[in-house]
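Shared between the two complexes below is chain A, which pairs with chain B and chain C, respectively.
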Partner chain A sequence: MKRREFLKVSGLGAAAAAASASPVRACATTLRGTGDLAIIIERATGSILIADTTAREIVRRVEGLGDLSHASAVYSRDARYAYIFGRDGGLTKLDILEGAIVKRIMQAGNAIGGAISDDGQLVAVSNYKPGGIRVFDASTLEPVADIPATYGADKRSKTVGLVDAPGRRFIYTLYDAGEIWIADFSGNGEPRIARHKGIGELPYDALITGDGRHYIAGLFGEDGLTHIDLWQDKAEPRRILSGYGRGEKKLPVYKMPHLEGWALGGGRFLLPAVGRHELLVVDAASFEEVGRIPVHGQPIFAVARPDGRYAWVNFAHPRNDTIQVVDIPSLTVVHEFKPGPAALHMEFAPRGHEVWLSVRDANEVHVYDTHSYEKRAVLPAQKPSGIFMTARAHRIGL
Partner chain B sequence: MSFRMIILPLLLSSAALVGSETIVPAHALDSARESELTHLVRQDCGSCHGMTLKGGLGGPLLPESLADLESESIASIILGGVPGKPMPPWQGELSEEDAMWIADNLKKGFPQ
Partner chain C sequence: MKRREFLKVSGLGAAAAAASASPVRACATTLRGTGDLAIIIERATGSILIADTTAREIVRRVEGLGDLSHASAVYSRDARYAYIFGRDGGLTKLDILEGAIVKRIMQAGNAIGGAISDDGQLVAVSNYKPGGIRVFDASTLEPVADIPATYGADKRSKTVGLVDAPGRRFIYTLYDAGEIWIADFSGNGEPRIARHKGIGELPYDALITGDGRHYIAGLFGEDGLTHIDLWQDKAEPRRILSGYGRGEKKLPVYKMPHLEGWALGGGRFLLPAVGRHELLVVDAASFEEVGRIPVHGQPIFAVARPDGRYAWVNFAHPRNDTIQVVDIPSLTVVHEFKPGPAALHMEFAPRGHEVWLSVRDANEVHVYDTHSYEKRAVLPAQKPSGIFMTARAHRIGL
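Moving on, here comes the complex of A and B:
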């Protein structure tokens, strides 16, 4: 009983008092870690589910997060707080232990995700309107920097592909301008901005590899991608895979592929081809294309199981009811199943034994064993999209 | 769905009884198709244009942002796409009637 009082008084203060109903730690007398918790975006209702991935249960729903279409999240270093980036420019700091919103601000009119610095002190948001990034203090959400993505005479570009990079840096891409900017917050005072122009037509998304070395932007307006090796003293963008698909007729692209979480295994990347029913196989050292894998539809996500042996792939409308599993050593599809309509987001448990999958139009989240493919749980959710496990707190670029 | 199919004729006949006061929309589809298209626009078009249609990587699709475009032009963009931009041609997925219904409703304020 004394312990209960201690928790109430010292640890959690006003937030605990404000949190209605039961906190996620189940009852006040139970201490728990956050390492097996996850949040699930409910895009249509502006709500978040907090899930216990060991018990395979939804623990709590938190409402009032605005427009969460295309929402994403990052975690504080202690994996207690999630920062959720809404489409409407909302930035919400959520205490996942208490199941309560700590602070919520509207930082722009239209936004597309964000990142947290390697030291956990800065949260950056990528904005479409007004085009640019805004950076906030992670503990208070007070503004730290506003960096308009200006180009030409007085134009502002939408920004995409914002990631954290080692050394208190953020890297992002200007969709309209075709530029990559690196904002370095390692010094005191104003950030230093390195601007790389002419990186290609209509870059639509980007990723950074898990070692923080390679930043790669996908191009919609031309065949190929742009790569920056951040280990070079003078990092310069260069085109890779630029001959890909030239002269071939592309299919209509009903949903832009995502590059985050592209699959690295056995020294090869698998990435979704734009407008084709194929994955590209790319050598991870040379960035040369070494093959293609025909798949069920236009791939959206190709995500490696954390051990890198298999990649799980989902697809764009109208083939979004299907998941395929690719064996990376042999580059062949070894398993296919239909979890249901709009199976659009996958998240592996940190060591890969299970995968959580949002089946949006069935209003369900499924949990599968990644070795036996057995369905372990079906959890109710309202139009679920992104699933974010707390292990992301400890990974570069996520 | 079957519930909807049963109730629909009742609604129509009661509407018919109202007679001259009933306004028939310019491009009417059956209600099952209308709800499919509403879902498609909110969820799938919404991945670029925003679920509230306020815009994203694609532009906003609100009545005020489409005021200068005729429904026919909007429908032709839906069906033909915008070459060189990510807007895909939906021909093959959507009929002309579908596209006109979407265009009319975007201009009016799209249903939830």
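Moving on, here comes the complex of A and C:
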């Protein structure tokens, strides 16, 4: 009931609401905590839905965010502002309480994701064109640093796999150059950049573990991945999982699996094997393969429920209407269902009781109970893709 | 600047602020995200400070919460409401945006802590008198269940170590009975209770790991602890760390070490050894002791920075003016400082860049940079104890 009042009033914007009717009521209904909000990317229309994950309702739609295919988002530490990274180089600061764009800049010609520093002060964006990263003040979006990804004789590389690490650091990978760079903003002056060369062919994406310790880049040009242990005094990249199967029998790769979708539970990672109908099981201490799990199709995301007990897995076209749930201790598929066409993005509630799922080609977002698998809600959305809950504000590397 | 405006206006309460001056301004200044707020328990005066951890400022004080010695708190999933568990059986629902008590009930004569279910709907309190737990609706504080901790012929046990676990479960320990109970509220009717008997003598506290998998109770009457792996189909308690040293040479125990202060990093737990000037190092997979770290005094809390790289340790009287920082990979003390008398509670910012520290007998809360160890702020507080940041809303078992 109270939520519905908020929904109604918030549609007017806070200023308008305050000017109309009773100002006390306008304030009381607009005031709310931000811990249970989420945004949903509507990729085709350049719009964002703001959702209340407790009421399981869409609160409002915000338009005018440009090209949002492959868009992602991070949050300010007060969980009021989302920073949305568009494919077209757009960087938008969105006030999710007011439902309004605070500022929007075109910071590059072509971009892929970003990160926010652990203290919430710096927002970094990973750019394809011009290749490199750009760093902005999180409150004003004024430029702080521009770090071209130069290599060879005057060449610039696309950058991918940009994440935050503890101590005001950003880590990212140079796709064309085969390098990993660590930009350290902990000092007062220019950032210190550490370059790791020769990390492998065509690193297409990367992830950092939730403790900010392990940075792992996937290689498209080789049968393996590259790992850096950031806790080592002299962090050196090393190849892991070499020959894990990509070269064995090349299946057509319909969609690049996302490394941020590695599931960690009970001391093991489950990760999508590129081009194969399998998950790899990797020991989280040694980074050695300890098993494989046959699955329904080419996995895209394998996401652990926050307690690490189960991983939920989705698949590439033409098998993208299906979700499988893997029991991590026994490494077996224990549940399978078909939410609908192009079920491509999942986001768990922070303590894991529910999962939100974009069913793109049904123009729906579904909410499921993760214990009973019961469908709790179906919400309308226009070609929804990524879902980002505000609890990400408090996680390393998200 | 903006924060100071909020501070000024918030002192009036939202309604009063809206009625005075421009309503638009009142709304704009009161509206804020709740992701970076915290509460600080002022134990001696029955009051709570609400703090802004980004501005490093006290926003306001709320009084009238009764006996807050050993008080603790949990948060609603929107991070707007704190539920504060007083020693006197008081349960207070506090609106941290408005800075006002929403409801306060005396639910028992004597209590020790509580928990909130993973879906945010149930708040449970652990009671000494009458022994048992009581469960309330999180929105109204209306009673939902009363579960007496009965044992033997009509006896009731004190309950301790109450935590939430995934799937609307609460787990807790019966101090007098030596039992662990699991109350499962996932169905629609009465909760299902699983009782584990004979878990050991005088279990005085317990913890659950951040993944909700391992529940561990400390034993005051024996030289060991009890462990339950909740992922097992038939979860059975087993004794771990038997003979870890308490019996070897009984030092006087000045203060009970808190088990929720176990530090987890790099696959190892560091935990305070009861009555000894040592931390135990325990393998997180086998629960076997793999080492000891000599420290400055009898440790009370060993808390891992959220990335698990370091543990910060504080000590019992008469050595409670000191903090030591342990490097977890090398198991060595790498930093020591004396913030002041009775430095008894620490709370890390969710991504670990800063730590908040109550220095009780100096009537101060300090904020430190966790990388440079620089002191960033000193805030006045009356006999501060526990500090609880809103990011706890999104963690299992906190």
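Here, the second predicted complex is superposed on the first by the 365 of 398 C-alpha atoms of A that agree within 3 Å, B and C clash if a C-alpha of one lies under 4 Å from a C-alpha of the other, contacts with A are read in each partner's own complex, and residues count from 1 in each chain.
Note that a residue touches a chain if its C-beta (ideal position, glycine included) is under 8 Å from a C-beta of that chain, and two chains touch if they have at least 3 such contacts.
Every value quoted in this text rests on a predicted model; they were computed, and no experiment measured them.
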With the two complexes superposed on chain A, say which partner A:A343 touches: chain B (first), chain C (second), both, or neither.
neither
After the superposition on A, what does A:I208 contact: first (chain B), second (chain C), both or neither?
neither
After lining up the shared chain so the two structures overlap, which partner does A:I39 touch, if you call chain B first and chain C second: first, second, both or neither?
neither
The chain contacting more residues of chain A, comparing chain B with chain C, is C
Based on the superposed arrangement, let me know which partner A:S76 touches: chain B (first), chain C (second), both, or neither?
second
A:V282 in the overlay: touching chain B, chain C, both, or neither? Say first, second, both or neither.
neither
For A:I101, decide between first (touching chain B), second (touching chain C), both and neither.
neither
Chain A residues where the chain B and chain C footprints coincide none
Touching residues on chain C, where the partner in the complex is chain A:
14-15, 17-19, 23-24, 26-28, 30-37, 53-54, 75-81, 97-98, 118-120, 164, 166-168, 186, 211-213, 231, 265-267, 285, 305-309, 329, 349-354, 371-372, 390-391, 393-396
Report the residues of chain A in contact with chain B in the complex, numbered from low to high.
43-44, 67, 69-70, 87-88, 109-110, 112, 128-129, 158, 160, 175, 202, 204, 220-221, 252-256, 317-318, 342, 360-361, 383
Note which residues of chain B are touching chain A in the complex, please.
39-40, 42-44, 46-48, 50-52, 54-57, 81, 84-86, 88-90, 92-93
